[in-house]
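Both complexes below contain chain A, partnered by chain B and then by chain C.
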Partner chain A sequence: MDELRKRAKELLESKTISVVIGYEEGTYNRTRALFVEKPEEASKLIFDSRCVLNLATYITKQEVKAKGKMAIAATIPVMRSIIQLAYEFQVSDKNLLVLGITPESNLMEFKDLLEVETYIHKFEIEINASYREKLDKLAGMTQTERWKFWIDELSPCFKCYACRAACPMCYCHRCTVDFNQPQWIPVPSHELGNLEWHIMRAVHLMGRCIDCDGCANACPLGIPINLLNKRLLEDAKRHFGGYQPVLKGDHLMSTFKPDDKENFIR
Partner chain B sequence: MADFEPKIVAFVCNWCTYAGADLTGTSRIKYATNVRIIRFPCTGRIDYMLLLKAFDEGADGIIVSGCHPNDCHYTSGNFHARRRWIMFRELCDFVGIDINRVLFSWVSAAEGSKWADVVNTTVTRIRELGPYTEYQKVAKHPIREVTNG
Partner chain C sequence: MTIDKRIVRKEALEKLFEILKQNNRTIFAPVSKNGKTSFKITESYSSIEKDFIQTTQSSKESVFPRTEKILDFTKSKNSLDAKPFDILQVPEVILWGVRPCDAMGMGELSAIFNWDSKDEIYNSRLSKTTIIGFSCFKADESCFCTSVGGNPGNIEGSDILFTRLGESGDWLAEIITEKGVAIVAIAQDIFQKTENQDKNKYLAEVPVKFDRETIRKKLDAFFESEEWVEQSLKCIGCGACAYVCPTCACFDIQDEIHGKSGSRVRCWDSCGISQFTLHTSGHNPRAVQSQRWRQRIMHKFSYMPERLSVYGCTGCGRCSRACPVDMNILEHLISIQEVTL
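Moving on to the complex of A and B:
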């Protein structure tokens, strides 16, 4: 990614950007986030297929925002997150420049977020074949089997909240799970609290999740929690025709149609 | 199972179903006594967490009811609620919560007899399904056991 390094260096030298967020080589053959503030450090930037961390998580953090105008190396899922964050007034053109990375790993600089929005709308949010298989398998089970599956899957969870930390959409300063009056979610690592926490997480991400798999990648126990989000993505498609992050307009869950169809209310 | 009395929690909106349930009483229509009614300002206020908490506290069935579409006191609360229920019900189904135990309905302030019917059908259905032991077994909470003895 010489292009990216060169461009990052230029931007930092010209002082139009104070920090470039990208990836660097980490330990154990993994990559990690890099915050480049000095032009000479731009050479550390890398990009390859191992770079799956959703960097949009960092652009809502106060300590990063405080540095000044940010530039971010953004793959398509990251761009989608950025647009959703912009919709929720978390970032704007004033403090963010998007250095897009196309699926062919080419650099594509965007003038403003409007251009990013137009670009990402060319790609549908699609669930890949292996996940579709898992979803279909679960859908084919009986209710009791599904219940057993999820209780078993979620029982080792000790609520480290890595899924929350990795998610760009989980930026609330005080998460519902941190409240203790009332205590909605029991704190101990226990089946009920684990189940409630993951249901809550999925519901709060309803219509906002852009399917980057960040949560499942972050989970130290490898729990397939992204299946919950994927299922809701499917349901949104089936009931309401799906969604794409937009800068302006209606959001899936904060709007309605008078003729929304259901078959269970009597 | 013969002496099983289902515990049903009903989350209802103040303006339609609560008034409807009131009408059931004033019309002297007899209906099952298994229901505990909780009054909300609007169906839009009925949080999905409350449904989970009801099961957690030992409910065997849940009724969620409010104004018919276009009748909402706040114009659009029930439309928002409907959208949320559609999605939440799918999620519950996916994690294996028995969605046959949750009944959604529209009951207006004039439908006293419909309310009696909704409660009676729910009670019959839950009687058939039996106590929700699956959830209650998981809901046995370590902290609650310590504090409640």
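Moving on to the complex of A and C:
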């Protein structure tokens, strides 16, 4: 990733950009986020197959945003997140430059978010074979079996909210689960509290989740919560003909028309 | 007191488990699922995970559950009837397969739960818990018990500590407390007399990485350091580190009300989460993540030793393993030790 290092250095030297968000070598063969502010530190940037953390999570973080204009090393899932965040007015060309990383690990700088949008639309959001198998297995279960599956999986959850913190779309300053007047979701991590939290989380992400698996990767207990999101993504595909984040337009879950042909919505 | 040492033959360990089970003890032991090992109520010896470095969660949940009812209440016309948690309900528990760093953590939890008011529920749970520790014969790069006053064969906190005597598969049992003696009393045939055995050669090697006293002293003048900002920029503010920690004891109180009755529940909470210190006014004294991260380290390495005479870290390394963004406590402690003020 010499290209990325070189470009990051130039952007910082010319003061076009205040901070470059990328990956660095972490501990114990892990990689992690790096925030480069000094040109000479751009040499720490790396990119390889271990770099799966969705860096878009950081572009809404107040401490990072406060640094000024950001550039971000963005793989396709990160670019998808950025477009969705731009749609939701969380980020714009004014404060973000995308240094795209193609599936072939090449650097691809984008002039603006419109170009990023065009580029990512070349790639369908596909659910991979191993997840496909898991989803099919769940779909094949009886309602009772599926209920048991989720109760068993969600029961260990201790509500550390790593899934929420790792998700680029969970940028709300106050999450529904944090409200106490009224208290929508029980705080204790008992069976009901866990079930309601995870269902709420999944539904709030419907039509927004871009399937990066960040939530499941973040879970310290290995709970496969992304299966809920993947299923919703599939439903969105089935009923509304595919899903791609867009900068402008009608949005899957927040569009309402008085003359909708469905009665239930009126 | 000299510690009574016994030998337990390879195949006799399972017998001990069966005897304890027949004694109506609830046994929590490490069980693996989805590649994660955690303490679960265990009925069969075969389901226990034997080959693990560390469980994902600590064993603190048996004495400090993540969600615990502390009282039930019913409202009537003119009164409120509150029924506190009945400590007599607390079962006799065996914690089986506890690593020395977790057993040591019980002492730190006890210091917190008895700081000013004595926490009856915690104390009764701990008093009814017998800890059967297992020394570590392997460690990983996250482990640093030897830097925080522990070691892979530390007896502190355990009632009995087993150390595997190499390839023979036999076990050295150190009978440390009265509770340990009580276990030996119900399983006398299993605990055989032995000559003095040296367990040290069978223990994992965990090199010392820093000096906690140096860090404690340094923290006195470190509050305003830019290092906190530097270290915490990548922290995403979840509670994973606190919830897997054997010594984190912060909790939140919630009332769960259904009509005229309800329960008061205490739930784990974490200083890493922004809402932890949010005031009703909207003011948050720890407004940014660097202040929350600072609190975590200061609490464990400065405030606890100052107020409770114990450190809040046993070097189990769980927080580093659990962190989704590679916040590594060992790396950060070393850099605090090295940075010049």
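Assume the second predicted complex is superposed on the first by the 255 of 266 C-alpha atoms of A that agree within 3 Å, B and C clash if a C-alpha of one lies under 4 Å from a C-alpha of the other, contacts with A are read in each partner's own complex, and residues count from 1 in each chain.
By our rule, a contact is a pair of C-beta atoms (placed from the backbone, for glycine too) under 8 Å apart; a residue touches a chain by one contact, two chains touch by 3 or more.
Owing to the predicted nature of the structure, the values given are computational and were not obtained by experimental measurement.
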| item | value |
| --- | --- |
| First, second, both or neither for A:146, with chain B first and chain C second | first |
| Touched partner set for A:186, first chain B, second chain C, both or neither | both |
| Which of chain B and chain C A:200 touches, first, second, both or neither | first |
| Which of chain B and chain C A:127 touches, first, second, both or neither | neither |
| First (chain B), second (chain C), both or neither touched by A:217 | second |
| Chain B versus chain C as contact partner of A:46, first or second or both or neither | neither |
| Touched partner set for A:169, first chain B, second chain C, both or neither | neither |
| Touched partner set for A:260, first chain B, second chain C, both or neither | first |
| Shared contact residues on chain A - chain B and chain C | 186-188, 190, 193 |
| Chain B-touching residues of chain A, taken from the complex the two chains share | 138-139, 143-151, 184, 186-188, 190-193, 195-196, 198-200, 202-203, 206, 228, 231-232, 235-236, 239-240, 253-258, 260, 262, 264-266 |
| Touching residues on chain B, where the partner in the complex is chain A | 48-49, 52-53, 56, 69-70, 76, 79-80, 82-99, 103-106, 118, 134, 138-143 |
| Chain A contact footprint on chain C (complex, rising order) | 34-36, 38, 56-57, 66-67, 140-142, 229, 233-234, 236-240, 242-244, 252, 254, 256, 265, 267-268, 270, 273, 275, 288-290, 320, 322, 324-326, 328, 330-331 |
| Residue numbers on chain A that touch chain C, as the complex places them | 26-28, 30-35, 53, 57-58, 61-64, 156, 158-162, 164-166, 174, 178, 186-190, 193, 217-222, 224 |
